[in-house]
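Once you scroll down, you'll see the structures, which are given as structure tokens.
Next, two complexes with chain A in common: one pairs it with chain B, the other with chain C.
On to the complex of A and B.
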């Protein structure tokens, strides 16, 4: 949500109901996902560079579902701003930032945030993500180095 | 202004999408999901509503289940008939039933039928019709009886009598000619039974028996297999051969296992208390 001061700003606030099916970086694949410290594709960690996987088309639902919660939140904020004024989304964002705790370097498995769930209304609902492919149950090996580098800010 | 959180989420996994499109391009199709083919109907009578369904599930040209249950429980005052992909209807109704229970616990009141309809509609719209569940939702709440249809893409209708599924046209022809408002309970059940039987006999995707559920403000009656118009006939003659039809010329019996029985008496040793 961007703050505009010019006349006509109201028409530029997005009241988007559903996310688009194309990811914002769909047709272009970034080498940053698999880059090493030199900025090139890291063959040692990720194997040979596969161009096909870089520009492959995604399922139309993939981006829609990934962005769904964020889009609904943005819709609520924008509507609250139109109806009640700037203070309403500011208060909502403030409450949200109060419950988002900064993750320490040792907390690699993501803990469920109860405060965030309550603010989002997820404590009173159940969805597919609560029992299908639950992240706590996944058997994927977490690459500790990539996560640490992301947290410090060395890599994107 | 709002911080966008990047988290690994649960839910559906699309990792195999690229592989699947490649395989389809080379000629190998995806396995056919079990569909319910189906005739499902609902109608509102004087004191409440009646839901009906057939009981055949198909996987392509084969009957996968001769007596499946298509009327699913959602809440004590609401039931939902499902047509389309069988797994989708079952999982969707189970999920919404859980969501309704959570909602009921937090509000402390009996859930309304519009609540269930809105939850179903918003979920199906979110998945853009990829969840193939066409539903008839019926229930009685504080505002009386309500009957809704929900299509896989998320559109809904509120009507006094509805039919869905591949046999919907056959069933609707029965309703359109014989429905009138304020039917009695017996008339409503018999009209639903006739509509389902029209679907069973005229549509290949529907068959076997008729299930009926009657909901009114006091109670719910689940009449499973209310009518069985397709009972299997009993065979008149037995095809078993009598003993002695084939003459026995020689008998020889050889034991493959030697069975020896022996009893071991185990004398218990005294406890070592030292």
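On to the complex of A and C.
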């Protein structure tokens, strides 16, 4: 965006305020996503076939809420890019990725990422995720191996 | 305005901005409606985005507030590093946001202010997200009733008092004809010295022919 205020010289950086209601990819799962070599749903790999995901259409709000944080972050990055130059969002993204990786194997996955919260500004606000479904109160049994595999990425 | 989503609050509105030698006069009515209920009868539709740059908001109240907030934030960040922003810069920001989000927004905005390079200037950013510099601009649902009046009354080179009377009379006419506009008239005089607010209560409005 322009530091010179001449109409006609504009950047094409997206300044979306809010995500769209339609999901960017197909909103419902198709059989092809989970099909085996015969063209049928592959129960061995993906579990029982779930009709709900194939039939029900999503509520228009669902995609907006799912993409909300990402969209706001992207708006901030784009504004920073316009304002300060390419280095600003690159530095912001770098800090984010450093903080996400910083989790060691000793830390249980349920603990929320403090660094990420600070970078996002969530350390100064109280939202519903701070009193509902709080990780410390969870009663799930934890298999450390599964958790580790998920973290590294060799398991979904 | 048909672009509103169900349950959304409508700014209805008559807004106006006029440029003169030393700055701009901006004005608006004060009615905000949800359907036929007047949710706020003393709304302030003149929103500051910088010291001497204001915007007049029409359309969806939520959309215009969101956009004005972002521009306000943006101009604050800009001014820290680059000094005072110019009015065309602010108008350009409004235009980018309104155009890129045009499928989701219902916002008609008039930007008016004073800066060192241009003096007073008025920039109209109507529904689609285009940008027009004009000597005077009217907007909102009530503006349709006063196009003729404004075109017939406006003259180049009016001074501050004449501009104030022009804005006051035009808005009063729009408010008397348009159901979604009414209440009081809020005006602001924006010059190099800053912003001076004028308030015209509902019982002191200029009266046009009322049959």
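Convention: the second predicted complex is superposed on the first by the 85 of 156 C-alpha atoms of A that agree within 3 Å, B and C clash if a C-alpha of one lies under 4 Å from a C-alpha of the other, contacts with A are read in each partner's own complex, and residues count from 1 in each chain.
Everything below uses one rule, namely that a residue touches a chain if its C-beta (ideal position, glycine included) is under 8 Å from a C-beta of that chain, and two chains touch if they have at least 3 such contacts.
The structure displayed is predicted, hence computed values, not measured ones.
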Message: So in the superposed three-chain picture, is A:79 touching just chain B, just chain C, both, or none of them (first/second/both/neither)?
response: second
Touching partner for A:14 - first (chain B), second (chain C), both, neither: second
Message: One more residue to check, A:133. First (chain B), second (chain C), both or neither?
response: first
Message: Taking the superposition on A as described, I'd like to know which of chain B and chain C A:122 touches: first, second, both or neither.
response: neither
- prompt: Counting residues of chain A in contact, which comes out ahead: chain B or chain C?
  reply: B
- request: Across the two complexes, find the residues of chain A that touch chain B and also touch chain C.
  value: 1, 3, 18
Field: chain B partner contacts - residues on chain A that touch it in the complex
entry: 1, 3, 18, 53, 56-62, 64-66, 68, 70, 73-74, 77, 89-90, 93, 96-97, 100, 110, 124-135, 138
Task: Spell out the part of chain A that touches chain C in their complex, as residue ranges.
output: 1-3, 5, 7, 10, 14-18, 20, 75, 79, 83-84
Query: Tell me, which parts of chain B touch chain A in their complex?
result: 1-5, 7-14, 17-18, 21, 95, 98-99, 102-103, 106, 125-128, 130
- line: Contacts from chain C onto chain A in the complex sit at residues 66-67, 70, 74, 77-78, 81-82, 86, 88-89, 91-93, 95-97, 100-101, 103-105, 131
